[in-house]
Structure formats: C-alpha cells, structure tokens
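There's a structure below that I have some questions on.
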Amino acid sequence: MKNEEMNEGKMTVIVQTIAALLFPLALIFSFYVIMHGHLTPGGGFQGGAIGASAVVLLIVAYGVKHVEEKMTEGGFSVFESLGGLIFVVVAIFGLFLATSFLANFLVNEPIFGKIPGWGQAPLNSGGILPILNIAVGMKVIGGLSAVVLILALISREGEEK
Amino acid sequence: MIWEIIYILLGIGVAFNVLASIGLLRFPDVYTRLHAGTKCTTFGSIFICLAAMIYGLWKWHVGDKQMIAITIHTFFALIAILLTNPTGAHAIARAAHRSGIKPVKAVVDDLEGKNV
Amino acid sequence: MFEMSLFEILIILLSVFMIASAIIAIWFKDLLASVIALAVMSLLLSLYFYILHAPDVAIAEAGVGACLTTAILIITIKATKRMEGDEE
Amino acid sequence: MKKLAFIAFVVFLFFLFYSAYEMRDFGNPPSNVRETFPDAKYKVTMDDRIIGKYNTTTGEWEYGAVEETGANNVVTSVVFDYRGYDTLGEATVLFTAIAGIMLLFGREKK
Amino acid sequence: MLAFIASTVFCFVMWLLLTFNGNFWQTDELVAGIVMACIAGFASRKILVKDFKLANPKRWLFILAYLPRFFYEMAKANFDVAYRVLTGRINPGIVKISPGLKSDVAITTLANSITLTPGTLSVDVDEEKNLYIHWINVKEEVLKKMPRDYKPICSNFPDWARRIGE
Amino acid sequence: MNPFMITLVLVMLSIAIAIIRVLLGPTVPDRVVGLDTINTLVIASMILFGVAKEEIIYIDVAIVYALLSYITTLFIAKYLQGGKL
Amino acid sequence: MIYNLPFLTVVALIAIGIYAIIFKRNLIKIAVGITILESGVNLFLITLGYREGGVAPIFTNLPPGISPDQIPEKMVLPVPQALTLTSIVIGVAVLALILSFTINIYRKYGTLDAGKIRRLKE
C-alpha cells in the first residue's frame, strides 16, 4: 500500500506537518542563539548545532532524496567555506588595523563597540565578536549538515546496491 | 497566597510525573507504556511550566521587570513539548507495529496484516 | 543550608544515573539499545553541565548530543549491521 | 596479549582512582581574589583576571573581559578573543573532517 | 512571494517574543530581527506555507475555543491513566476510524489531540487519511459494525478538527 | 527552602524509574519510550532549576531540548519501521 | 560538602570508555566508548571550574541576589567552559570521521570485528 512512499523515505503526514512547523522555529531560535552569543548563553557553535539539527529534522521527516534536491552537500560546503573566509578576513583586518591577528579592533568604536554597563546590554556591543559568531555559526551549520547529508546519502546508496 | 498556588501546581505536576514513570514500569506492552509515558509526562510538565510562568509573572508584577522573560521562554518550551510529544509517541507506535510487536491481550486489531 | 544539601542530593543522583547509563551503553549486545543508552547519558550530562552553572556548554551538548551524535550513529548502524558479536 | 592489556587497564584504573582521591575538594578553585586583586596584580590567576571587577562608585569596569572586549558573556569573549587561535584551529579540524568524508565518499555518489 | 511574506511574519513574531525583556525592543534588535526573519522565512517558505487557510481569523477563534475543552479532556485522560496504572485493568485493541478529513493540518490536529485524550493513541494513518487508534478500553458496541463509529472513541474531535483545518 | 528544588529532586527520582525501564525493556521500542519520558522529565527539571536559581537566561537550554530531543525519537522510529532513509 | 564525588564520576566514565576501547571488538562499540571517554573529559573540565555557590559567567540578567561588589568571587571560572565548548564540536567532527571510516571498512571487508580485519590484511 505504501511501498512507493516508503521508498522515498518519508514518514507519515503527521510527522511531516509537525516538522514543517518546527523547522522555522528551530531555525529562528538558532539565529537568536547566534546573534545573542555575546549577551546570553550561546554563540556560533551552539547556534550552528541547532541549525544543523533543523536540517537533520528535514532529512528524517522528508527523506534524503527530497532534501538533496533542494540543498546539495556542495552548497553546504560552499556555505561553510564562506564562514571560514569571513573569519580569516576579519582576523587579518585585526592584523592591519590594530596590533595583531584576531585583535578586537572594533571595541570602543561608535557602531559596534559599546561597552555595556551593569545588567542589560545592547545588541551592538562586543566589537568583532558578533561577526566572528556569525562566521563560526555559518561554518558549523554548513559543516555538520553536510556531514549528516553525505552519510545519509551513502547509507542509502549502499542499500540500493 | 502566590506560594500556595505554586505549591499546588508543583504538587500536581510532580505527582503526574511520578505516576507516569510508575505506569512505565507496570504496564505490560509498549503501547500501554506509551499511554502512560506520553499523557502523564505532558500533563505534569504543563503544570510545572505553569508554576514557573506564574512565578515569573508575579516577580514581574512585584517590580522585577526582566523576570517576564522567564514566562515567555517557558511558554516557548511548553509549546514545543505540546507539539513534539504526541508526534513522537505516534512515530514510536507506528514503528513498533511495523517491526512486528503485537499488542498484548488485544481484543481487536484492525491494523493487522495491513502493512509491510 | 537545606537547599545546599538538596543540591548535593541532586549531584549524587545525577552521578549514579550517568554511570549506570554508561555501563548500560557498553553492556548491551544490541547496538541500537546501546545508542539509546548513550543518548540518555548525553541528556544527563547536559543536565549535569546545567546544574554546574555552565549553560553555554549545556546548550552545545544539547544541540550535539540530542540529535547529531545519535543521528550519525544510527545512520552508520543502518549502513552496516545491528548486532554486535556473531557474524552472518 | 589480552592478559597484558587487562593488567595495564587495572594499573591505569588504580592510577585514575588515586588521582581522583588526591584531587582537591570539589567546588573550591584555587583563587584568592579578595586578598590579591587590588594590590598585587601579578598574583591573580587567569580566570580572575578575565572575569574582572566592577567599580561600584564610578559605575564602570576596571579590568576584565567586559572592558576589553565589550561582551557581556565572558565565555564568548574567551572563545573568540583571548583564545581566538583555538577557535581557528577548531574550525580547521571541522573543515578537515568534512574534507576527509568527502574524499572518502565523493566518487561513489551518482 | 506571498508564502515568503507569511513565513517571514511568522519568524519575526517568534523573534520578537524571544527577545522581549520587559522593556520595548531596541532598534538594533528590531533590525537584526527583520534580517534574520527574512533569511529563515526564505529557507522555510516552501515547507511551512502550503495554503492560506490558517490566515483566516475565524480559525484562530476556533482554536481558542477548542483549547479549554481540550484541556478538560486531557485532565480526564490523566485521571483515567492514573486509575489504570493503580489497578492494572486494561482491555486494549487497535481500531480504525474514518473521520473523513482531507487537509494535513486537520488530520495532524486530530491525531495529536487523540494521543493526548482519554485512553486513545494514534498508531497509524494511511493514504485515505483513516486513523488507526490503539484504544486502551475497548467497548463492545463499537466492535459490531465495521465502519466504526467515532463518537465513543474520540467524542467530537473530528468536528473541531474539521472546523480548524478545512 | 525552595519548593522548586524539592520538586526537582522528586522529578529526578522519576527519572530513575524511567532508567530502569531503559535497562529492562525487552524490545527496543520500550527503551525508546523510556528515552522519550526522560526527555520530557529533563526539560521539566531544567525549567525548575532555572526558576529556582532565578536565572532567566537558563531557560534557553530547556527550549533547545524541547525542540531537538524529538529528532532522536524520529530517527530510531525510522530505523525500526524499515524502509530507506 | 560532598568531598569529591564528581571527580569519581569522571574517573568512572573514563574507565568505562577505556574498557570499551580496549576490550570490545566491534568498531561501532569502540566509537561509543570514545564518546563516553570524551564525555568524561568534558565533565572533568567543567567540574574543575565549578565554584561553590557561584553563578554563570554572564553579566546579562544576573539573579537578584548578586551585587556588583562581590562579582569576582561569585562566578564560575570561564576558561574551562570555553575549552569544553571547543572540545565538543571537535568531538562530533571526529566521531563523524570515525564512523565514515567504519562504513568504508564494512563495505570492504564485510565485517565490523577489529580482530578479523587485522587478520584479513595478511
């Protein structure tokens, strides 16, 4: 009765609907964790892990083939490399504009470098830390999603043989 | 007054959570265990979250402005629990039936032989 | 004072649970059950980090241990075979 | 061979338990902030130096992570500022792992 | 395009709720929220928004009216399970019902409600959207005719689900 | 003495019973039911600890678990029901 | 206070992990053992940094009982947490690499037993 659907690797319609509702929720929460990494617990690694988990949720609910049509692992790899590039470029800017590699050259500057007082803090504080957070977040989202996607594809190919 | 409400809510919540785990231990097969595990933990967690939300609201009312964040974030966790818990139970039940586990002492099984 | 002793009870219980689930994870012959016990251990480890006031690490362990580790392990079991020990 | 491994394991286990027995008490990291912080600056441990001190009279930070990096979360400022090279190395490890997996399985796909 | 706007608005409301801390939102929070909501909305536009039925405010009123009844049923369910845990009296079986719902949202609402209400647990759903339910206390009168009557199993939840989802 | 901490210890005791189910469960779905129960209980205990210490920012961890712990369940269910990934 | 029970927990976890690595022959079981060992090491780092009655090293939304005056002796040490954070992501990357090699070995030799693989090579 459901052999075609099972071959596609989809789960039932209930799981799919809930996954469709949870995917933007997990994604926006991941962005919240990445953006507020210098204020609340979180940062690039944690938000990246949550974002990769959102992609894994799509993989398990809709099947690998369906996800791979939309986003290939090459795309994720490019995303990851972009994150690494942003990280290194910002670090080298520190070498040129300030004293050393990875120097925090934006702190005490007007736009990003507010030093917060006691308690609440604005989002645009922290110098280059938010930019590095975003870079590492992109890197981790791309990297871990690509890992799970490749492994799932390989497992599927192995079963077809 | 506020503490009595919180005590009652926490009591109900922890009672249902303990009941859920006892049911998990006592019931005979996976489907009935799912009944205990899903319903009772969801219900107990709702009450625990309600206690936390009421505490945050009360603190906010007293004058600690930032404590409203406890209420909102707990509400998020509650929504996530309410969405994911029954779906997970459905997935496990379907997988258990497809992997060939029969319900114990079943008087009727309409699904038998329909799949695989 | 009583609250501190509650904290100690919490730490003792968590330690016992973690060691128990780690032993379970090593002991089972069924690799799927072993992975489930590993997921339980990761869950309790995150709770341990949480009550030791390290929420950053708790979020990282939650995001990684709650889905990514288990996902990779189960994909591997699906690509290879489920039981330890005897050969086919 | 297996017997030798077992003996080595038992010795290692003994070593582990002995080190745990000789470890300092749980919950008391070796830092004496109040005595040493304002006067002798070089006696302060790294963590106290990073956490810093808040001047209640002027309402500003005297030293520490918040004044030097402007981030309220001290862990993030350690990860990305004081220990930025570690993070760069971690990014390299992640990249290498993905490159390894892609090299292993890249030909096989399609 | 309309789907993109809808999912972006959803994500932006979630962002606003997450970042609220007692005072009104600062400008930087709002700007970052709009940018991030655009990215998340673009990523999830094809999965989240399939039709615009839930944009109708009447359905939201139905959901609000549904919640108290649902909560009452859930409380009853828990006392039921408590009774069965303490006495161990069960009479289980898997029954099939045909609620006749078409849309995904309706069947999901119905299945999740069934799982959380007394004595029932949705096990499977097939292509004609028939639900297979594990029922912990099977009554005799339901077993007699084959297209099962869903009234004794899940009182009038299919009607509510139809009002919400279709 | 804080009521939230006492509730937390009681919730930990019910986690103990669920771990016994993970240990005993004759089949894999039984163990998954135990895992699912432990998930919900751990979320509840995280919320309780965050409220007991009045740390607002701690609740984020509970949200992460509530959003993500379900994926593990789905993976195991998908393995058990057979078919391709 | 509980003398040093968390350190004993760490020791037990590390011992279990090393036992799995040495005496188990299934490759996936060895990967599980490596994960447990890594959890023990992470827990050790966090346990080193715990300070009795401390709060998390985050200055946003501190709990109301803390005054700015007493901050340096009220906070958990931040550097071990940062190291652990790096360690966790490296751990999952290494685990993925190990498991992909495992899949490859299974494809090539048809077995997961470490001893048999060594024998097949000769």
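Read from first to last, the chains carry the letters A, B, C, D, E, F and G; within each, the first residue is number 1.
The rule is simple: a contact is a pair of C-beta atoms (placed from the backbone, for glycine too) under 8 Å apart; a residue touches a chain by one contact, two chains touch by 3 or more.
Worth saying up front: this structure is predicted, and the values here are computed from it rather than measured.
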Those chains which touch chain G and also touch chain E: A, B
Selected interface, A-G versus F-G, where C-beta contact pairs are more numerous: A-G
Where chain B and chain E are represented by their mean Cα positions, the distance between them in whole Å: 15
CA centroid of chain B to CA centroid of chain D, Å: 37
Centroid distance [mean C-alpha coordinates] between chain F and chain E, Å: 22
Geometric centre distance via CA averages, chain F-chain A, whole Å: 25
Chain G: positions in contact with at least two other chains: 1-2, 5-6, 8, 19, 47, 49-50, 55-56, 58-61, 64, 68, 81, 85-86, 88-89, 92-93, 96, 99-100, 103
Residues of chain E engaged with two or more neighbouring chains: 18, 21, 111-112, 122, 124, 126
Per-residue multi-chain contacts in chain C, two or more chains: 35, 55-56, 58-60, 63-64, 66-68, 71-72, 75-79
Sites on chain B touched by chain F in the complex: 3, 6-7, 10, 13-14, 17-18, 20-22, 24-25, 30, 33-34, 37-38, 41-42, 44-45, 48-49, 51-52, 55-56, 59, 66-67, 69-70, 73-74, 76-77, 80-81, 84-85, 87-89, 91-92, 94-96, 98-99, 101, 116
Residue ranges of chain F touching chain C (in the complex, touch as defined): 1-2, 5-6, 8-9, 12-13, 15-16, 19, 22-23, 28, 31-32, 34-35, 38-39, 42, 45-46, 49, 55, 57-58, 60-61, 64-65, 68-69, 71-72, 75-76, 79, 85
Contact footprint of chain G on chain C as seen in their complex: 8, 11-12, 15, 18-19, 22-23, 25-26, 31, 34-35, 38, 41-42, 45, 48-49, 52-57, 60-61, 64, 68-69, 72-73, 75-77, 79-81, 84-85, 87
List of chain E residues in touch with chain A within their complex: 7, 10-11, 14-15, 18-19, 21, 26, 28-29, 32, 36-37, 39-41, 43-44, 46-48, 50, 104-105, 107-108, 111-112, 122, 124-127, 129
Chain B residues touching chain A - in the complex, by the definition given at the top: 66, 80, 83-84, 87, 90-91, 94, 114-115
